[in-house]
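Following are the structures in question.
Shared between the two complexes below is chain A, which pairs with chain B and chain C, respectively.
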Partner chain A sequence: MSLVLDKICKHVGNERHIDNISLQLEPGTFNVLLGRTLAGKTSLMRLMAGLDRPSSGRLLMKGKDLTGLPVRQRDVAMVYQQFINYPSMTVYKNIASPLKLAKVNKKELDRRVREVAEMLHIENLLDRLPVELSGGQQQRTAIARALVKDAELLLLDEPLVNLDYKLREELRIEMREIFKRRDAIVVYATTEPLEALTLGGNTAVMHAGQLEQFGPTVEVYQNPQSSRIAKAFSDPQINIVPARLVGGQLHIGTAASIPLAQHMHGLADGEYQVGMRANHLRLVQKSDEDLAFAAQVEIAEISGSETYIHLSNAEQSWTVQLPGIHSYPMGAAATIYINPSQLYLFTAQGQLAASTQTAARI
Partner chain B sequence: MIMQKRTLGLIFYFILLLLPIYWMLNMSLRTNADIMRVFTFYPQNLTLENYIKIFSDPTWYSGYLNSIYYVSMNVVISLVTALPAAYAFSRYNFLGDKHLFFWLLTNRMAPPAVFLLPFFQLYSTFGLIDTHFAVALSHCLFNVPLAVWVLEGFMSGVPREIDEMAYIDGYSFPRFFLTIFMPLIRTGIGVTAFFCFMFSWVELLLARTLTTTEAKPIAAIMTRTVSATGLDWGLLAAAGILTIVPGALVIWFVRNHLAKGFAMGRV
Partner chain C sequence: MNKWNDNKAWFMVIPVFLVVAVSAILPLMTVVNYSLQDIFSPTQRIFVGTEWYRDALTDPRLQEAFGRQMLFSGLVLLIEIPLGILIALMMPKKGWGASLSLVLVALPLLIPWNVIGTIWIIFTRPDIGLFGAAINHLGLVFDHTASPLDAWITVMLMEVWHWTPLVVLLAYAGLQAIPEAYFHAAKIDGASSWATFRYIQLPKLRGVLTIAILLRFMDSFLIYAEPFVLTGGGPGNATTFLSIYLVKIAVGQFDLGPAAAFSIIYFLIILLISWLFYQVLLKAGTGEKS
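So, the complex of A and B:
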């Protein structure tokens, strides 16, 4: 019943867009492709949809080889980043078009179109043309058209990116409800770690055309297998600082050396990289165990109801995420605190050495 | 004050432009004798005799019918061949596509007279001389490349994702092209049809050479007014006015989209 990608590669000219990806997606699951722009998310989706042909590798659906099968003969639905609807058709006809082509009888078609329209709150816009709708409504129409088909594979390529902030939040929350009761394999591409965490399900982190890690979203977030994955899967970006482990003492940057925390026991001496999520850092001390780094405020950036404070410590730029709105003057001295139990430890090459499950709170 | 000067200038320019056309209209509404006898800015003895002659004499009105016939034929042929070509250029990459695309345009750079001799030879071999089809086909020489260029511009303005969306939804290519794609570029098709119409309508050299009697265009018939008694001024003027009318009518329909058409759809 599942979709299997077997060593899929895609080359365009000398460029490698998708590099040897193997992945198995189960029906009824929600899968997030997380990665920055140019990570290959869209390329991978186009391969899954059958819009492009892989250079090598196979694509199997329920054990049947689909590689090279034209997209028309596949059971897929897709929503693009841009709001793609048929401009010359009304919303109703737009949503109905896949059913009409599948020769669904009129009564059934009408019922399904109205049901989906209601789910996406566009039931009162059915007679309008796409140009007469707002961006959010246009994208709802596109999502409705994808849903109404009831395809085995539903691909959503950054569907919320072109929407404004409020609409995005609204749709993101609805999205979870909409996809809850489906047997389809849903694949959702996004650049935003927060979106992946909100939507739940599984997450596949991609980088430069390669699949870095795939697993349940929370697990990937808590145990990023490399510093690169941790960077991709945290917003604001995780702070990475070089460290050295000598005889059970961990020396991190400018902070005094500390004894190993619970989750780091058993690590060999050597060079390490310490990862500190911005939301774990604080500017006030909470316990005596806390590590302290003297730093200088560079800029305080207010984002919604949170403040990102950029500080410099030992020639390095740090980001601290604080709830609430704070203002810090530029150049002011500050001390950054973090509890050692919240540290991620990566090897010098960037492989995960130690992480703490309990520390990972969103 | 400046505004007024500018307005005056524009009015003067406008008069300058329209004067020849007005003069033709003036002549067309007068008899030959009247034209030769007095110089007047407006017809004093208004007569529709010249127009009546054109509309009642088959040797005259057949010229219009012939022209309209081969021009429409050419518009249809040009569009039917240019639509798939333009789609291919706008959507696919193939070996030498850019060169081929440019080569199309170079066909417009040679004067049609260059092709006159081979066309005449070939068409007589196939027995096509003096048919509407011959003229319509020969005008494709400059109309098809133009149509491909204009349509390609309009088609490239339609996001490729719409095509993909349609395939994902299950449309077959012909159905997609006719029911989804064509309505999206209908402005482009209209403008292209206008350009084809215009260039085919004003072309005289090929049309005159490839026809003798059966498919003779109006512009060629107008040259017959030279007779032993001299030039038939009034009739010639009336024929001229009637030749302008179809072009003016067609322009009226595409007036809002012409700028985009002249920019080959790339605005």
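So, the complex of A and C:
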């Protein structure tokens, strides 16, 4: 009883917005669409909702072909990046509107509206108008309106993007709780890897209208099938360095060379790309095996309780993510260390050749 | 901390005060001055107090003109606002069609008012006018110089033709500013196109419609050129609206005192009605009781 996308394409003029996507989503699952702006997340959601018709391919719900069915006849709810509520209706009426259109009787309607409002902590705002609410409260109302419908398919298109940082964290955590108890297929689009990791469930990484990888979020994070996926699914971005494998020895740049780590055994000689997650890099040595790169500090950027240090040497730029607040003067010399067991290896074309076997620390 | 302890800020505001004083307040005060005196010649005048105001308020011809004016402005708003919204809703939203329809809609606004009068006089003439002659050939008698109703219809046609485009442009701009996601949300909710209009477009247009209603009210309340060009306020007094009557007193009879008192009353009426409109529109559709 799932939603199946079967070779869905969407062309607009000469542009391919969605390029041959096949995907199966199960009820009761939380699915994140992860990709940059213009990766096709919104286009795909619009196709799922039935707001647009695919140029080719089919869309099946519970085995029934929905491809040509207008939105009105589908069982779907959606939340947007903008806070969309009916401006002249109170919060109560806003939440009730989908039920009213579905001709739910008054008593049932009242019960459901109040239940959802309570779940989203807006039960004390029911008499207010959207203009009298803060951004977070407006989006809570919009989410409540989508939830109250109890639709089979619930689409959330970057719903937290326009909220400030604290509210975003708060609502993100609440959302995980709310959706845990649902039988609906939930699809959540975001540009932020951190959001995908926090929300859990499954993740589909999208790039340029194509589906790059789909699977349980942690698995996709730990085994990105290409360097492109690894880039999309790391924040700060993963460090990619060219390397060459010759006779069991991995040469990274000109400076470093190590024997093959365990997870790289059996790889053929040739050109590779090494991927190093910023949180795996350190500026202090931990073991003798550690790879070392000499570099200079360009800038140290403090983000929350972490510090991103941007470094470079003649060949390469790096980003190192350190817990805690550190200050490094510009131009200071530093050595970057990483344990070889944490290296990702991609082929020269960017396909995953070997991934770290250690559990990823998020 | 006192924000106002630096007097230099006044120098920034003084130019505006001067411009407003010279362009608006001084002329208005002159009118107030006239309205309290009986003026025989530039050197000969008598202070008469509120006599002209009492006269004006009890003048039956002025009361008639006021009633006519209210009816006219009411009809103008009732026709132009819905028609303007309707046309704006039907216009294409993007592409060359949008540019073309904008230009076509804006055309009447580009024509000077006296030319518009002349165009419509010729257009509606019963003997040679395309519209007038066509109607008369159909067997309906149409003559704006003889029939008060026909004169009204002609003035109304001019006004609607000339100024509905302004409402269209304002409403169109307002509609374009509504994020696409609202319409998707309505679609997903299963809302009909009427519901989409009633609960999304209309509330979102409230701001621009307030402006449109105020502008059209004030402007139509001051209508002068169209009836003046058409029949000079006739036939009889059928199209003698407030400003036509005012000009008759001020210029025709050179009764500056009564005309000034009349002007002040006229001004206060517009101010009062506009304020009422604004108060009502400010609260309309927000669920608050006005």
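Everything that follows uses one rule, which is that the second predicted complex is superposed on the first by the 358 of 362 C-alpha atoms of A that agree within 3 Å, B and C clash if a C-alpha of one lies under 4 Å from a C-alpha of the other, contacts with A are read in each partner's own complex, and residues count from 1 in each chain.
We take it that a residue touches a chain if its C-beta (ideal position, glycine included) is under 8 Å from a C-beta of that chain, and two chains touch if they have at least 3 such contacts.
Just so it is clear, the structure is predicted and the values come from calculations on it, not from any experiment.
With chain A as the common reference, the superposed partners chain B and chain C clash. Judged by the touch definition given at the top, the superposed model places A:R228 against neither chain B nor chain C. Residue contacts after overlaying the shared chain place A:H207 against neither chain B nor chain C. When the two structures are aligned on the shared chain, A:T90 is found in touch with chain C, with no touch to chain B.
Look at A:R72: by the touch rule set out above, it reaches both chain B and chain C. Once the two complexes are overlaid on the shared chain, A:L129 sits against chain C while remaining clear of chain B.
Note: residues 49, 51, 71-72, 76-78, 80, 82, 84, 86-88, 97-98, 101-102, 145 of chain A belong to the chain B contact set and to the chain C contact set alike, using the contact criterion stated above. Against chain B, in their complex, chain A makes its touches with residues 49, 51, 70-72, 76-78, 80, 82, 84, 86-88, 97-98, 101-102, 145, 149.
Taken in their complex, chain A has these residues touching chain C: 46, 49, 51, 71-72, 76-78, 80-82, 84, 86-90, 97-98, 101-102, 129, 131, 145.
Contact residues on chain C toward chain A in their complex (touch as defined above): 179, 181-182, 184-185, 187-191, 195, 199-200, 202-204, 285-287.
Within the complex, the chain B residues that touch chain A are 159, 161-162, 164-172, 180, 183-184.
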